[in-house]
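As structure tokens, the structure follows; a few thoughts come after it.
Which chain is which? They are A, B, C, D, E and F, in the order written, and residues in each are numbered from 1.
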Amino acid sequence: MRIEDLTRDEFSAAINLDPIIILPLGATEAHGPHLPLGTDSLQPEWVADQLAERIGALVAPPIRYGMHSSTRNMPGTIDLSFDTLYHLISDILESLVRNGAKRFLVLSGHAGGSHMTAIKEACRRTATAYDSRIMFLSDYDLAAELAPRRGVAPGDGHGGEVETSRIMHIRPDLVGDDRPEGEFISHGFMVLPDPECCFPQGFAGEPAKATAELGEELNWHVVKRLEELIMRDGL
Amino acid sequence: MRIEDLTRDEFSAAINLDPIIILPLGATEAHGPHLPLGTDSLQPEWVADQLAERIGALVAPPIRYGMHSSTRNMPGTIDLSFDTLYHLISDILESLVRNGAKRFLVLSGHAGGSHMTAIKEACRRTATAYDSRIMFLSDYDLAAELAPRRGVAPGDGHGGEVETSRIMHIRPDLVGDDRPEGEFISHGFMVLPDPECCFPQGFAGEPAKATAELGEELNWHVVKRLEELIMRDGL
Amino acid sequence: MRIEDLTRDEFSAAINLDPIIILPLGATEAHGPHLPLGTDSLQPEWVADQLAERIGALVAPPIRYGMHSSTRNMPGTIDLSFDTLYHLISDILESLVRNGAKRFLVLSGHAGGSHMTAIKEACRRTATAYDSRIMFLSDYDLAAELAPRRGVAPGDGHGGEVETSRIMHIRPDLVGDDRPEGEFISHGFMVLPDPECCFPQGFAGEPAKATAELGEELNWHVVKRLEELIMRDGL
Amino acid sequence: MRIEDLTRDEFSAAINLDPIIILPLGATEAHGPHLPLGTDSLQPEWVADQLAERIGALVAPPIRYGMHSSTRNMPGTIDLSFDTLYHLISDILESLVRNGAKRFLVLSGHAGGSHMTAIKEACRRTATAYDSRIMFLSDYDLAAELAPRRGVAPGDGHGGEVETSRIMHIRPDLVGDDRPEGEFISHGFMVLPDPECCFPQGFAGEPAKATAELGEELNWHVVKRLEELIMRDGL
Amino acid sequence: MRIEDLTRDEFSAAINLDPIIILPLGATEAHGPHLPLGTDSLQPEWVADQLAERIGALVAPPIRYGMHSSTRNMPGTIDLSFDTLYHLISDILESLVRNGAKRFLVLSGHAGGSHMTAIKEACRRTATAYDSRIMFLSDYDLAAELAPRRGVAPGDGHGGEVETSRIMHIRPDLVGDDRPEGEFISHGFMVLPDPECCFPQGFAGEPAKATAELGEELNWHVVKRLEELIMRDGL
Amino acid sequence: MRIEDLTRDEFSAAINLDPIIILPLGATEAHGPHLPLGTDSLQPEWVADQLAERIGALVAPPIRYGMHSSTRNMPGTIDLSFDTLYHLISDILESLVRNGAKRFLVLSGHAGGSHMTAIKEACRRTATAYDSRIMFLSDYDLAAELAPRRGVAPGDGHGGEVETSRIMHIRPDLVGDDRPEGEFISHGFMVLPDPECCFPQGFAGEPAKATAELGEELNWHVVKRLEELIMRDGL
């Protein structure tokens, strides 16, 4: 159930049941020539909707902007600063706490290091300042658990077979047919002013191998793993 | 055309045509017992999509959070601070400028005073720092032009006949049937710690008079007026 | 009574009577060829002094700097940023609260949108964080109530007949004789990098029609309306 | 000549002559039982007006708020934070630079350590970022040069014989007759949460010895020394 | 060569040779009952000194404070905020750039996620704003490469066999003899207000197995790997 | 006893005895051709270690970076901003307070005005927000008490006979033999963009007269005076 679809009174009634609030965090980011810029939004939003239905959670309005480094200079990437992202998530969580929410699943489609830290610090601030329980992760990490068992190559990553398969399941109309191989070129520990040189093709992996069937399996794997984690860790 | 649905290369091609970028800004805000919390998101997003189709603009991923005062303490309102909202819009506009965009229509569904100022200052910063043209307004103000000519009462406002009609056209399934009358109680120039007392029912106007037909007319009026303004002011 | 003229002990005695503290906020801003840069300071300071005498209020030291947009690039306008203005007013109000003050009338001579929002947000912060009552407005808005009834033209505004008349009453020596007509040219909803183009002459209205008599009437109208509002709204 | 008394065009003409801009900085601060809270405003403003007349300088609108430590908890002291004061002065200087001003005398009546640093850092920022020359000092330090030669006791300081004499010359009506002796009690290098304990009477020195004649001599000494310093250091 | 041991002129001569500047970043952090709080400072400082001698680099004055989460509430941990750490490293790098430095190795003994992001963002800002090359890593990660090949258990981590061995080599006098086993207890993706519960003993691994010989090998491994990386990545 | 040399449990035991925590603050700053850049670090660190031994205090990890104005543009000076320095000291003090510390001696080797204010404001914030006692000073000021009695010339200052003597006692190997005379050239109250012009030689005084014997006496004078002050002011 999307919070934005509820009236004031329906929201009040729902919040009284102490539901988990899922906050899906996307991005607008270049994902190679074959995937839409909203790839990182589509995945966690689909997962959030399915999971919410299964466990009776509420889904907060998604954010479709994040913080980017290696793709920052590629066409179509829209970038927030660390501070903006931190305060955006802090404000939303704090406002939901004022509304009576106590349990949160913050689910990010994008998994860049600084992006994750900005969100994690916002979660930490909320967990420390209020009596709230927060789980925070990227659904990408759960999908990547299953991938090797389904023959996905080790170097698969940003815009690769896993992400392409998942989008082929969610929005097949947005996936292009021209799907060459993409390579990640490590620059070790150098902090680069032009980090896009790490992705000469703009993505990493073999999207040509992607299928909607694999995507469906990966997407449902994420949903089920989240159910398990919520149960196991007592969110 | 939604930017998030384009691939990197489709976006590059589109931006080379110097399109207007429409950034729809919504909110998650209590709108009385009969309207969904996402009321202020639904309206500008509908308008943005229709307008984009007519004039060949690109629609950036919507933001569905804003800054609120009088409804801040009502259930379901999620509130950003002034600074967060300012930096959020600044970052997005600046990032789009880096991507080559030069013309922007920033369209806010919510029209609260401080909310509008935060966005306007972000627009001003971008217009001043870069060579870009920006039009910024609330679609509410354009809808309100037509309202009196269609018999809407003068006191109609937040969550009233205009907004209810517009949502009945866009998402009739989200509008409740219990639609009493709502009153705005002025407290003059007092700056209140509990400004929700200005809206005892949580909205202002006669939503019982709302119809999908009026909503359709209002929604299209907004689209057409925007077309005229863009032409007249040479955006 | 000006706070700055009291000794420590006189201030202590006065504050124990729970007086209203009037904080007059001016500006240093171009007002056409005929009016002094301190026009927006002179008006609220005169009003504050008269009102204080009538109701036994204390007048805090005036601020003569504000935030400007349309006149920002005209000679003589001195401009604070939004954040500076917000923190300045916040600090002063908070410091007065620590001193025991509980009731405030914040009176701004300048009425620009972002300027007013910066001050309003500072008032809101104080009203919310402490047990204090705050009324905030521009005296311009009260003067403008009476103007049409005295034959002032509808387009009268910044530096026009109303302001010129009021300064002719307060400081006639500072008003110039060359008073052509000034026009406001709307640019609709465009956010302009050069907003001074809205005021080709630097002001709007017919200052040639201004008289000290009208000014006197307007100035006293403001004082009396403030008395009524303070009574009505129970400041 | 006060900038606020000039019209836009008079200001333009004046600034073209490359005048020194004097910015008088006061305070609202407890000065014992005998002196007004505006003591630190009256002194630099008087000096600024006299000096401006002698050397053809422009006087910017005064600020009557500063940053305080040892008197912060005394009745009537109104306190800005370090950051607010820094940004206030920075904004004003930068705005004047944009207006064409190149030479500044920033003259503070209050001489507290952190207060002076906040202003000095704002001056330094302006001097470094723009091609401008800035002299910054407290007029108190110049008055204190002469004091020992006129028999003022070594421990004289805040609210003492020097300041009382100077106010007796400028605004004798604001000086009280009850003027006991005040003592400064050093707490060495301790950073105190209650630093007002350093001034049990709220001031330091023998204000009973103050005279308007001494005040007049001190005030003119400051004016003349400033003239010399401006000449000597080529402001 | 430590920068702090050079005179102004020796520094000038050295910087003209375009040396690598090594900035060693430590921490003051609880490391179980057997290791000193300065464990994370001792390691990168030793490495920096050895490496500097071998490649002719300059060592900047070390920082011995960092940002901590899981050990934050343990006795002896001293914690900087994200923003403080970011600005500290930014200021130092920028100041060194102004001094003519162009190549940096930023070497952190502590490897916590948010700590590393704060430093990385500071490095990124410098690399982007100036023409400088920066390598940034934790020496811990290099030591951990060798550890499994020397029989260190997979769960070894904070304060474990690797760190204990390294300190036994550098400062044996600071290592305690009571060295029980320590366990890391994962809480999955929960963001905890009391993250110290992840380290019931305050460290992870088998420090009883630590030896100075292993420490010496690990320490030199780090030095040599850094030499290789600097060569390979053309710092 | 250095905090960084203690284990977690040793630190816990020590803090329970309510010790004074000494925080030595140094700098990396040009001190003429004859003194090392770390001059301002060596002095307070030596003092802190001696004093700690005599009174049973704990020494926190030193900071070797500060804020500089007149030497900012000289080779080897590394500069923090006011805000960075303020937050750095605030964070460390607050973290130590959370650890149970209640008494602090903050001892700065560098004594520049803005540097001292940044640290003092951080101390003030801590003293006000928590129940802690803080003494803050520069050891330079104590050394300068004795200097005139030992024949040091009045103009001696930055990098002069006092500092050179002290370093000759602490680290004679770091003091150069070429020690001409240095002059301080006052620019009165001008706020200069190039303040290094005040020190044409980079220091002030007659370092040729410096001796290790004088340095030893000065260094011990500082230690003993601190003992007296701690006793007298009841730190």
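The rule is simple: contacts are C-beta pairs under 8 Å (C-beta built on N, C-alpha and C of every residue); 3 or more make two chains touch, one makes a residue touch a chain.
These numbers come from a predicted model, not from an experiment.
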{"item": "Co-neighbours of subunit E and subunit C - touch as defined", "value": "none"}
{"item": "Identity of the chain that, by mean CA position, is farthest from subunit D", "value": "A"}
{"item": "Rotation, 0 to 180 degrees and nearest 5, that superposes subunit B on copy subunit E via CA atoms", "value": "120"}
{"item": "Separation of mean Cα positions, subunit F and subunit E [Å, integer]", "value": "26"}
{"item": "Distance between the centres, which are taken as Cα means, of subunit C and subunit B, whole angstrom", "value": "31"}
{"item": "Centroid distance [mean C-alpha coordinates] between subunit E and subunit D, Å", "value": "49"}
{"item": "Centre distance in Å when subunit B and subunit F are each reduced to the mean of their C-alpha atoms", "value": "57"}
{"item": "Topology of the chain contact graph, where touching chains are joined (line, ring, star, complete, other)", "value": "ring"}
{"item": "Circular arrangement of chains, read from subunit C onward through subunit D", "value": "C, D, F, E, A, B"}
{"item": "Contact footprint of subunit F on subunit E as seen in their complex", "value": "2-9, 11-12, 15, 26, 28, 30-38, 41, 60-65, 74-81, 83-84, 87-88, 90-92, 95-96, 99-100, 174, 176, 202"}
{"item": "Subunit A residues touching subunit E - in the complex, by the definition given at the top", "value": "69, 82, 113-114, 117, 120-121, 123-124, 127-128, 133-137, 187-193, 229, 232-233, 235"}
